[in-house]
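Per-chain numbering from 1; labels A, B, C, D and E assigned in written order.
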Amino acid sequence: MQEPRAQALLEVTGVTVRFGGITALDGVSFKVMRGTIAGLIGPNGAGKTTLFNCLSRLYGFSEGEILFEGKPLTDTPPHGIAALGIGRTFQNLALFRTMSVRDNVMLGGHARSASGFLSNALRLPHVQREERQLGARASQVIDLLDLQAVAATPVADLPFGTQKRVELARALMSQPKLLLLDEPAGGLNHEEVDGLRLLLRRIQSELQLTMLLVEHHMNLVMRVSDQVIALDFGRKIADGTPAEVRENPDVVRAYLGVEA
Amino acid sequence: MDLLIHQVLSGLATGGIYASVALALVMIYQATHLVNFAQGEIAMFATYLAWTLMQAGVPYWGAFFITVAAAFVGGVILERVVIRPVENGPILSLVIVFIGLLVIFNSVAGWIYSYTIKPFPSPFPTQPLFGNTYVTSHELGSAGVTLTVLLLVFLFFRFTPLGLAMRAAAQNPVSSRLVGVRVGWMLALGWGLASAIGAVAGIMVAPIVFLEPNMMGGILLYAFAGALLGGIDSPGGAVLGGFVVGVLENVVGVYLGTELKLTVALVIIVGVLVVRPAGLFGKVHVARV
Amino acid sequence: MDQPPVSSVTPPAAVPAKLRAMGTRQLLLLGMLVVVACVLPFVLGNYRVFQLTLALAYAIALLGLNMLTGFNGQISLGHGAFYAIGAYTAAILMDKAGFPYWATIPVSGVVCLVAGFLFGLPALRLEGLYLALATFALGVAMPQILKHKSLEHWTGGAMGVVIVKPDAPEGIPLSQDQWLYFFTLAWALLLFWVAWNLLRGRVGRALVAIRDQPIAAQAMGVNTAIYKSLTFGVSAFYTGVAGALGAIAVQFVAPDSFTIFLSLTLLIGVVIGGLASISGAIYGALFIQFVPNIADQISKAAPWAIYGVFLILFMYVMPSGVAGMVKMLRHRLSRSK
Amino acid sequence: MSSPLLQVRGLHAYYGSTHVLHGIDFEVRQGGITTILGANGAGKTTTLRAMCGMVRTQGDIILGGDRIDGKPTESIVRMGVAHVPDGRGTFLNFTVEENLRIGAYTRKDKAGVQADYERMFNYFPRLRERRRQQAGTLSGGEQQMLAVSRALMLQPRLLLLDEPSFGLAPRIVQELFEIFREINQASGISMLLVEQNAALALRLADHAYLLETGRVVISGSAESIRNDESVRRSYLGY
Amino acid sequence: QAKYGPGASAKEIKLGQTMPYSGPASAYGTIGKVQQAYFRKVNEEGGVNGRMINLLSVDDGYSPPKAVEQVRKLVEQDEVLALFQTLGTPSNSAIHKYVNAKKVPHLFLATGATKWNDPKNYPWTMGFNLSYQTEGAIYGRYLLKNKPNAKVAILYQNDDYGKDVLAGVKQVLSGANAKMIVAEATYEVTDPTVDSQILTLKASGADTFINITTPKFAAQAIRKVYDSGWKPLHLLNNVGASVGSVLTPAGLDKSIDIVTVQYYKDATDPQWKDDPAMLEWRAFMARYYREGNVEDASNIYGYIAAQAMVQVLKQCGNDLTRENVMKQAANLKNFKQSLLLPGITLNTSPTDFAPVDQAQLSKFNGKQWVLFGDVIGGN
C-alpha cells in the first residue's frame, strides 16, 4: 500500500562544503520526490555542481547528510553510486575521448553488469550473454538520442552539442533512478532545447526517472520542472514550483536579472 | 655522533649534485611537462666540451661560459631539429626519443673521449675551508652555484612574462597560441635553458665524481627522485629534494648497510610520495569536473 | 521528436552484427600467421628458433606491459623487475625444488600477479611522473635485491642460477629448441587470446575509460582502485610468464640479466610496437629482439648510437608505433577502394 | 560604407580528411559585429577556428587587407585577433590572475594592462574574489567569465566569440552582452560571434549568417535575418 | 696433412667473442677492439702458419641472455673454431654449460672468477686473468705476514668481481684471523661517489684499507681517504691501480705508499716509458688502433691475451681441430710475453686452466710503482 505522503527519493539536509576559505555549500537542505523533475538554479559559483559532486561522492562534505531512498550516501564509495541508481552528466564534459560513442555508452552500463577479470579473460558464456544484452541496450539508447550516425566515431571528433548527448546517453545506460543533469542544454539552439525538453519528459515518464536538473536555460527549467530550487552563495534562497521561484525577489535579483 | 655529522655533511655534498641536476629537470618540466631522461647525458657531453676547451688552453671561466652558451644553443637546436617532428606525438613516443638521445650521447662520448676517467678542475681553492675535513671548498662552492642558479630560475618563472609564457606553453599549447605565445620557441627555449643549467651542473659535478661518459647515469635517478620529492613544479622544492635524497642515502647506508641503501632510500622516497602525491613543495593541482 | 519507446527491460533477441568480433578476413590472416609460426622452426636453424623463442617471450611481456601502460594509462619504467621475478621463480623452482619446467610457468605468473597487485596498491596514489619514478625505482632496485645476501641461498647472488633445458617429451621428434619454441608459442597463443578477450569486453572498456577520464569512469561505477591494481597484477602476470619462458630458453638467470635497461627495452618495445594495440606486442618484440643486432653490425664503435638513431627515426616515421602505422595503411587502403 | 575588417571567400576547412566547411563567404565590418547561426555540428566552431589557423583550410581569409590564411595561430593572434574558444581554454593550473596576465602576453603597455586588469574585475566581480584561486577549480560559469576576460586582455582588433554565454547565469549573460556592446562602441573592436542564444546575438549584431552543414544558407543584416521565417522557428522560438 | 675443425681452413681461422660494446659496461669494449686490431696486424704480417685470423666480435650489451644468443650464433651459424675472451662473469656463466656441451673451446675468458679453472667438469673452458680470489688471497697473506694485528676495512663493488676478491681475502683471514676485518662496505657501479662508504669505514677505527674498486671509484676512494685525514695501510686492487687513469686523477701525492698486486706493465707508469715492449705496443697502438686510449689498461690486457691466443694457434700447427686447440691451450709452457712483468710467464696444463697465476706486489712512491718481494704464485 502506498504511504500517504509521497516518499522523497533524495533528501539533502544541511550539507556544507568548504574549500579553504570558500564556502561552496552552506547548510543546503531540500527534498526531491520520486518521479519528479527538480530544477536547480543559481548564479555562477552558487554551488550547484558542487552539490552534484557531493551526490556522486566526489567531494566529501563537512556537515549535513544526504539520504537516497532513505539511506545515507556516505556508506557508499564513489564507484558504488551508479549501482545505487544515481547517474549523472558532467558540466564540462567528461567523456572517454579516445573511445567510440558506442563504447562510451556501453561503459555507462558498467554498473549494471557484473562480469569480472577472470570470466572476461576466458569469455565465458555468461560474459557473452551480458555483452549482447548491454550491446542491445546501448543500441536502443543510441537510437533514442539519435546518435546512430556517429556510433563508431571517437567522441573527441564530435561537435560539442553531440558530445553532450553522448553524455546523456551514457548516463541513461546505467538505468538510474535519479538522473543528475548538469547543463544538458549547453550549446543547443532553440529548437534543439525544445527537443531536449520533450525528451526529458518522455524519459522521465517512461523510465519512471527522477531528475535533478542544473540549467541556466530558464525556458527549459521552468517548463520541464515540477519543482525548482535556487541557490546563491551556497545557500538555498528559494524552493517551490517554477512559478513561485520565478517570482521570488531574491531569485530575480541574484540570478535572473531585470527582464527574465 | 661524529660519524653522523660527517655523513650528513657528505650527504649534503652529494645532495648538491642531485640538486643541480634536479633543477635542470624542473626547468625542462616547466617548459614541456616532461622529464627528459637525456638531461644527464646532455650535461655530461657539455662537460666534455668544457674539458676540451680547457685542454686547448682556454682559461676556466672562459671555458665555463662558452660551454654554458653552447649548451643553450645546442639545447635549442636539439629541440628544433630532433624533438620537433614528434612534438605533437604521444608522450611515450617522446620518452622513447629521450631514451634514444640518452644512448646516443652516452655512446658517442665514449667513442670520442673513451671511457677512462678524467680529472676536471675546480674553480674553488683546493685547501679545505677553515681547515676542516668535513666538506671540501669545491663542494661548498658548487652548492653556492646551485643556489644561485636556483635563485635565477625562481626569478625567471616568477617575475618574467617569458617565464609565464613558458609554463603556459607546457600546460596548454592550444590556448597559449591563442594568446600569442610562440609555443615552439618556448619549448626550444626551455630545452636551451635546461641544457645550460645541465652544463653548469655537469661542470660542478665533474670535479667530484670525475669526468667519464657514465658519470651522470646514477645521478639522474637520484635527481629525478629529488625533483619529485620536492615537487616537480617547484625549483626550490627540487633543490631541497636533492639535498634530502643525498643525506637520506648516506644515513640509510650507515644504519642499514650499503648493500640496500639505494633500495631503502627509494622506498622511503616513494613512501613519502604516496602520502604526499605532489611532493613536499609541489602545488596540488586539483582536477575537478 | 518521435523516437521508439524506451524500455529498460531485456532487449529483443535480434542484436546488431557483432561489431567487435573478428571479420573472416582477419581470422584467415590470423590462421595463416599461426601456420607460418608453426612451420618456421622446421626451416630455420636451431639458433634462429631460439631467437624466435625469445621474441615470443618478449611479445608476451610486451602485451602485459601494454595492458598496463597502453590501455590503462599507468606508465611503468620498471617492468623488467617482474620479468626478473618470473625468471627467478622458474629458475629456483627448477633448481632448488625440482619442479618440472612446465609447472614453473603458471607459478611464476601467479607470483608476479601477487607482486604486481601488491605494488599496484600503493602506486594507486601516484600518477604520471610519480608513478614513473616509483616503477623506475623498482626496476633499478631489483638487481640489488636479487643479489642481496639474505636471498643468496635461493638466487645464487651475483652468480645467478643455471638451469637445464628441457627435452621434448618422449616420442615427439623435436630438438630442444624446437620443442621450447612450440611450448612458448602455445603460451603466447593462449595469453594473446586471453588478452583479446579481456580487452574487448567490459573489463577492457573500463581500463581505457580509466585512462581517458578516471573521474567519469568512477561515476559510471568502475572501481578504479581495484581495476588499476588488478591490471597491474595481470600485467605483471604476463611479464612474469614471459620471464620464466625466457629464463628456460636462456638456461640461466643472473642479476645482470635484469638491469634497468631491460625495463626500458620493454617500454621501447611497447611504444614501437604500438600503444594500446594487441598486435603491437609482436612488432615490438621483433624490434627489441633483432634491431640491436643490426645496430651492432653497423658499428662496433658506437652500436648504442646507431640504436638510438633507429629509435628516433622510428618515432618520426611511426609516432604511434608499427601497429598505428599498419592501421592507418589499412584505413587508407580500404578508403581508396 | 567602411571596408571590411575581415573578409572570407570560398573557405573550406578539414579535420584530417573530413571536409567540414564547403566554401563559405562572409565578412565582418570594421567596428561591426557579425554573428553566425547554425545547428549543432553545422561548422560554427570550425569557422572560428579557421579564422586563427587552428584547422587546415583552403580559400582566402583577409584581415585588414592582409591574407592570414595559412599563417600560424600565434602570428594571427599577434595581428590582433582574440579568440574565446569553445571549451574555454582555461589554463587550469594557473591562478585567475596568471590567466589574465598571460592573456596580455603580447602587450607592451604595462600601465594599460594594469588598467584592463581592474576593468575585468569590475566586469566580473566574481573573478576578483577568486583572483588567487587555481583556475581549474572555478565553477563552469566562472571559467567562462575568465575566458572572455582573458581574450579582452589582448586588446584585439577582432574578437572571435564561440558561445560566450555558455554556462552563464541569465543575469550575467545580459551583463556580458552589455559589455560587448560597450566595448564595441567605445573601442571599436569588431566581433565575430557564434551564439546559441540567437535572440541576443541578433540584437547585438549588425550582420548574420546561417550555416548548415558547412554551407552558408542565409545571410543578411541582423534585422532581416530576425524576420526570416525559418530562423524564427529554429532559433528564436516564435 | 692438415686437419680442420669447424671454422678453420687453409686460409682462415675463425674465432668468436662477445663484448659489451653497448650497455653499462661499454668501457670494456675496447678489449675487443684492440684484439681485432692486433689480429689485423698479425694478418698483415702473414697470419698464423699462413692462415688469417678472423675474429667475429659481437655485442652482448653485458646482458647474459644476449650473450647466449650471440654465442649460439657464433657457434651454430658462423661455426667459429673457438671462442676467445668473451667478457664478463655473468655472460660467461650463461654460456658455460652450452659451450661445453657443444665442445667448443671457450678460451681465455676476460673475467677473473676462479670457476673457469675447472678442467675436470668443464674441459672446454679456460680463464685467463689472475683470478680475483688469488689476488684477494695475496692481500690477505701480505697482511698476515706484515701486519698481523691489522684492523681491516674493506670496500668492494657489489657484484661477482668484488665478492670474488673479498672471498680471496677472507679465505686467508679466516678462523681466528677473521676478527681482523672490522668493517665492510659495498657500492654499486651506479653510485655517484663512494665518499659516504669511506667515512663509514674510517669511523670503524680500521688502520688498514683494502680497496676493491674499479678505476673511477678507486680514484674517488684514494682522494677521500686522504682528504678525510684517514691514514691506513692502503691495499688497492689491480683493476684500479693504473697510474695514468686512477692515481693521477686522484692525486699522485695522495697515492703515496699504496700497495697493489701486478702482473703486467702499466702503460702510464713512467718506469716503463722506454721499455722496448712498451715502445712496441705504443707503435702498434699508433698504427692499428689510433682511436684507442693508451692510458687505458684494458688495451694492454687485451693485447696480451691476443698474443696468448696467437701462441696457441701457432702451437696447433696444421691440426686446427677444436680438440687440438684445447689441447694446445692447455699446453702453454712458460710463455713469455714482454708486457708481463719480468719473471711472470703464462703456464697451463691439462690440470691447470689458469694461464696467469703469478703476480708481484708493488708500492707506489709518488711517481711510479716499485716492485718488491718475489713473484708470488705459480704451481
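Just so we're on the same page, a residue touches a chain if its C-beta (ideal position, glycine included) is under 8 Å from a C-beta of that chain, and two chains touch if they have at least 3 such contacts.
Keep in mind that this is a model prediction, so the values were computed, not measured.
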Joint neighbours (chain B and chain E) are C
Hopping only between chains that touch, the fewest steps from chain D to chain E number 2
Between A-B and B-C, more C-beta pairs in contact link B-C
If chain centres are mean C-alpha positions, then the most distant from chain A is chain E
Rounded to the nearest Å, the gap separating the Cα centres of chain C and chain E is 39
Whole-angstrom distance, CA centroid of chain A to CA centroid of chain E, is 74
Dist(centroid_CA(chain A), centroid_CA(chain D)) in Å evaluates to 30
Here the gap between chain C and chain D, centre to centre from mean Cα coordinates and rounded to Å, is 48
Where chain B touches two or more other chains simultaneously, the residues are 103, 107, 110-111, 221, 259, 262, 287-289
Among chain D residues, those touching two or more other chains are 137
Multi-chain touching residues of chain A, meaning two or more other chains, are 49, 58, 90-92, 94
Here the pairs of chains that touch are A-B, A-C, A-D, B-C, B-D, B-E, C-E
In the complex, the residues of chain D that touch chain B are 52, 54, 72-74, 77-78, 82-83, 85, 89-94, 98, 101-103, 105-106, 134, 136-137, 150, 154
Within the complex, chain A is touched by chain C residues 1, 3-8, 10-12, 15-16, 18-19, 194, 197-198, 201-206, 208-209, 212-213, 215-224, 230, 234
Contacts from chain B onto chain C in the complex sit at residues 29, 35, 82, 85-86, 89-90, 92-97, 99-104, 106-108, 110-111, 221, 224-225, 228, 232, 259-260, 262-263, 266-267, 269-271, 273-275, 277, 279, 287, 289
Chain B residues touching chain E in their complex are 2-3, 6-7, 10-11, 13-14, 17, 103, 107, 110-111, 114-119, 128, 133, 136, 205, 208-210, 212-215, 217-219, 221-222, 249-250, 253-254, 258-259, 262
Touching chain D in the complex, chain A uses residues 19, 22, 42-46, 48-50, 91-93, 157-162, 183, 186-192, 194, 216, 218-219, 254-260
